[in-house]
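One structure follows; several queries about it will come next.
Per-chain residue numbering starts at 1, and chain names A, B and C are given in the order in which the chains are listed.
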Amino acid sequence: MIPRNVRRALAGFSWPIYVLLYTPLALVAWYSFAPAPHTQGLSVYAYGVMLHDHSVFAALRRSLILAIGSAIISTVLGVLLGYGLSRFRTPGAKGVLANMPSLIIYTPIIMPSLVFGISELIFFNFVHRFTGLLGAGLGTMMIAHITFQVPYVTLTVFARLAGLDQNLFDAAHDLYANGLKSFWHLIVPVVQPAIIGGFLLGITLSIDDFTISFFTAGPGSVTLPIYIYGAIARKGVTPEINAIGTLMIGAVILLAVLHFIITRHRARGAELAAKGTI
Amino acid sequence: MKRLSLLAAGALALGLVAPQMAKADQPTLNLFIWSDYISESIIDGFELQCNCKVVETDYESNAEMEAKLRAGGDSQYDVVVPSSYYVPEMVDEGLLQPVDHTALTNFKNLAARFQNPTYDPGDKYSIPYQWGTTGIVYDPSKIKDPGDGWGILFDPKVNPNYPFVIPKGEGRDQIGAACAYLGYGFNCSDPKQWIEAAKLIKATKARPNFAGFVDETPARDQMKHGLIAASMAYNGDIAGCKADGTCLKLKFYLPKQGSEIWVDTMAIPAHAPHPDLANEFINYILDASVGASLSNFNQYASPNAAAQPQLSGIMSSELITPTAEQMKNLQFLAPLTGAKYKLFNQIWTSVLQ
Amino acid sequence: MSGAVTEVALEQARQRRRLWMTSGPGLFWIVLFLLIPSLVLLGIAFMSADDYGAPILPLSLQPFQQVAGFSLLGWDAGNISILLRSLQQAGIATLVSAVLSYPLVFFILSRPEPIRPLLLLFIVLPSWTNQVVRTYAWLELLGPNAPLTWVAHHLHLVAPDLGIAPGSFAVTTGLAYNYLPYMIVPLYASAEKLDWTLVEAGRDLYASGAKLFFHTVFPQTLPGLLSGVIFVAIPAFGDYVVPQLLGGDKALMIGSLIANQFTETPDWPYGAALTLIMLVVTGLGLVAFRVLSRRLGGAEEASI
């Protein structure tokens, strides 16, 4: 396919790009081992400072609550939505009404985070002013995070279901009269990889976000990204910030590798299972 | 199997949320304050006294604080710390509620000259917290001859090469400094002078060594790391880093052309969830020994007369307590409200963009 | 006969009910918490501001005059140059990521099949860390006293004592870095389906490699490229974090300008009007690319 000399040129070009992609992250890790004051050589001093900073732990706890909580709810909403759209929509329908669900689902994906965040800020503010509900804080951040995760979970589940044999649904229909039962016993196991994938994707999206969190945050809802951003704006990049950054990068790499292994493994398992039963 | 891991994740999430909920029945004071402006021991002391929890959230400028209050924060925070000239405007906007003087048994500790100020007659909405000045901090290893005025920021001949910053904030100090440099005095109030000052700042912004809009405290920290060479600064911020030895080489001065003296105050947002706790907190800060430990931590001068005997020696330095000679060049910023505020804000907005 | 008709109608009604029960909650959530809020935001663009920047009646077009550059300092090209600068930054970042993506994608395709997903994963991976972390990481390379800044000083590209960051080069770099995976993934998807027989056939026709590429490979991967352009250009145009951390307010981009109107110098109607303009520009770009990709015969990507 690709001639050997071209392949060599491609490799010569690409490996440096891979290195460049990881250089900034590696430097963050490297500088996190900065020497302690008045000493020389590498040290874990910055990690000690970080461990003694209780605001870092509070921020970490909030980030985890936010990521896991929002991913659970968006997985539930997204799985139902993806299932419903793939299963119960009249095929081939045209017109605005029939396309409405797709339009709604693509809005959070296509809307710039900044517009997303500011819209939420204003909306929560008005609701709070007139009803006393939805005061800015971890709760409003959770709502916003669920909103931007739902479409991704939906698309993941939809893609999985769209690839399935229509016979499976008919078999489910014959086996279980109850729609809920057929959903639970047949559909859920089959789309399990997509559900897990969607859930992990939700967590990743939540951890990745800064802009939307920033505009929906309230008193005492500083999460790790907001903490880092504030600290950099105030003091510039310090070894302590690098230590936190290093741990975050490490956690994401771990999560990604886990995701990679699980989805590949599960996908193969589920395919085999599906082939075997039907 | 899969359900199991989902369940595990759910349990983990609940485990994380549960302690949060358990704490909810203990009252919480939401303190919204400038970064690095109160020590943990003072907060711990108050938590013990009131059997409550204090949640501190930080801001870097009056404008940032006010914007948050406007966006619904006025019903979420219990105590905020606006500068004196910001108080009338926030009152005018309905963002503050009166303090409860019956709860302020320590009010008598305030020095007479800080009681009943012009910006808040009868101390109705605000109680002094700290006071200080705004001047220039620079790195003398880079800028050898800064002069004695605002030229270090606005005159390309004084600092042609080294990176410097101007605070972002609400623009009052910045326009004031540019006005003073142009000879209109720090407290210029004629819109024509404002516009001329704004144009000077816009021209300054276009200089290659202008490193951005950075507020005073972050700018000091960047200068400690050698990233910039000149900035506006609060006197106490510099006293603080001199005391802990992190900025011994930096120099601070009050420009002769005029600069600002200010009082930071404690105030209670209009719809604060815990106004009683807020008043209790203000009264706690007015206590003589709390007031002293506050100033000893912040390195800012205290408006608390009863606290003076317990203040550390550095308080008498010229950096923290300006001399009579310096006082002549220092001015309180006049408050701006209503249409004039809007006008000023529009001018400043056009400087930033 | 009529029994069969009612049966069909009943079944259809049942389907509709199931559709609403399953997809209703998710759709309702997005409508309530995103569509309605963004409509409120756009509505504010047509209101007046009170003295403190909060939206009030009457309706007014003044926010748009401000957007056009009219202020108390007279007319100023500031806003137009901010808009152009944002478009330019987003454009360069998109171009850079496209130019980098082609070799990378074909490099991955030239490797044995089992390791391709892994190679792809390693490109996508940095974009899964938090945006603040992966953006500030560039300060370690581009900030004052950082390695690349040191190199730039010696090449006399940057004045002494200043860093590459803050500056517009740093912003472009940050944007390209942040959004590169958004270009690679769709491009990879379309390159994977490449019909190599066409390339082989073209090899005899075209002498030079460049000609071969532009006549055989490029047209086939165009749909992927166009999706990539949309996925990179839209978020890069409205980005907030990168210009804030790497641009230092010196060369404001539209994202920071909008955010300012809701934070430091509040003027909600003006901020909303700026947002509307940003969305219109984004929307125009989106429509233009859809038309372009349809005209060029790009396959519609599989969608809900």
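The definition used in the following text is that contacts are C-beta pairs under 8 Å (C-beta built on N, C-alpha and C of every residue); 3 or more make two chains touch, one makes a residue touch a chain.
Nothing here was measured: the structure is a model prediction, and the numbers come from that model.
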item	value
Which of B-C and A-C has more C-beta contact pairs	A-C
Of all other chains, the one whose Cα centre sits farthest from subunit C	B
Where subunit B and subunit C are represented by their mean Cα positions, the distance between them in whole Å	37
Intercentroid distance (Cα basis), subunit C paired with subunit A, Å	18
Subunit C residues counted as touching two or more neighbouring chains	143, 262
Shared-contact residues (touching 2 or more other chains) in subunit A	121-122
Where subunit B touches two or more other chains, by residue	71, 227
Contacting residues of subunit B [partner subunit A, same complex]	2, 5-6, 9-10, 12-13, 16-17, 20, 28, 30, 32, 35, 55, 57-58, 60, 71-73, 75-77, 217-218, 221-222, 225, 227
Subunit A-facing residues of subunit C, complex	12, 15-16, 18-27, 29-31, 33-38, 40-41, 44, 100, 103-104, 106-110, 117-118, 121-123, 125-134, 136-141, 143, 177, 180, 196, 199, 209, 234-235, 237-241, 245, 255, 258-259, 262, 268, 271, 275, 278-279, 282, 286, 302-304
Subunit C residues within the subunit B interface of the complex	49-54, 71-73, 76, 78-79, 82, 143-145, 159-163, 166, 248-250, 252, 257, 260-267, 270
Residue ranges of subunit A touching subunit C (in the complex, touch as defined)	1-2, 6-7, 9-11, 13-14, 17-18, 21-25, 27-28, 31, 77-78, 80-81, 83-85, 87-90, 101-102, 104-105, 107-108, 110-116, 118-123, 126, 143-144, 146-147, 150-151, 154-155, 158-159, 162, 179, 204, 207-211, 215, 224-225, 228-229, 232, 237, 241, 245, 248-249, 252-253, 255-256, 260, 264
In the complex, subunit A residues that touch subunit B	61, 64-65, 68-69, 71-72, 75, 121-122, 124-125, 128-129, 132, 135-137, 192, 195-196, 199, 218-220, 222, 230, 233-236, 266
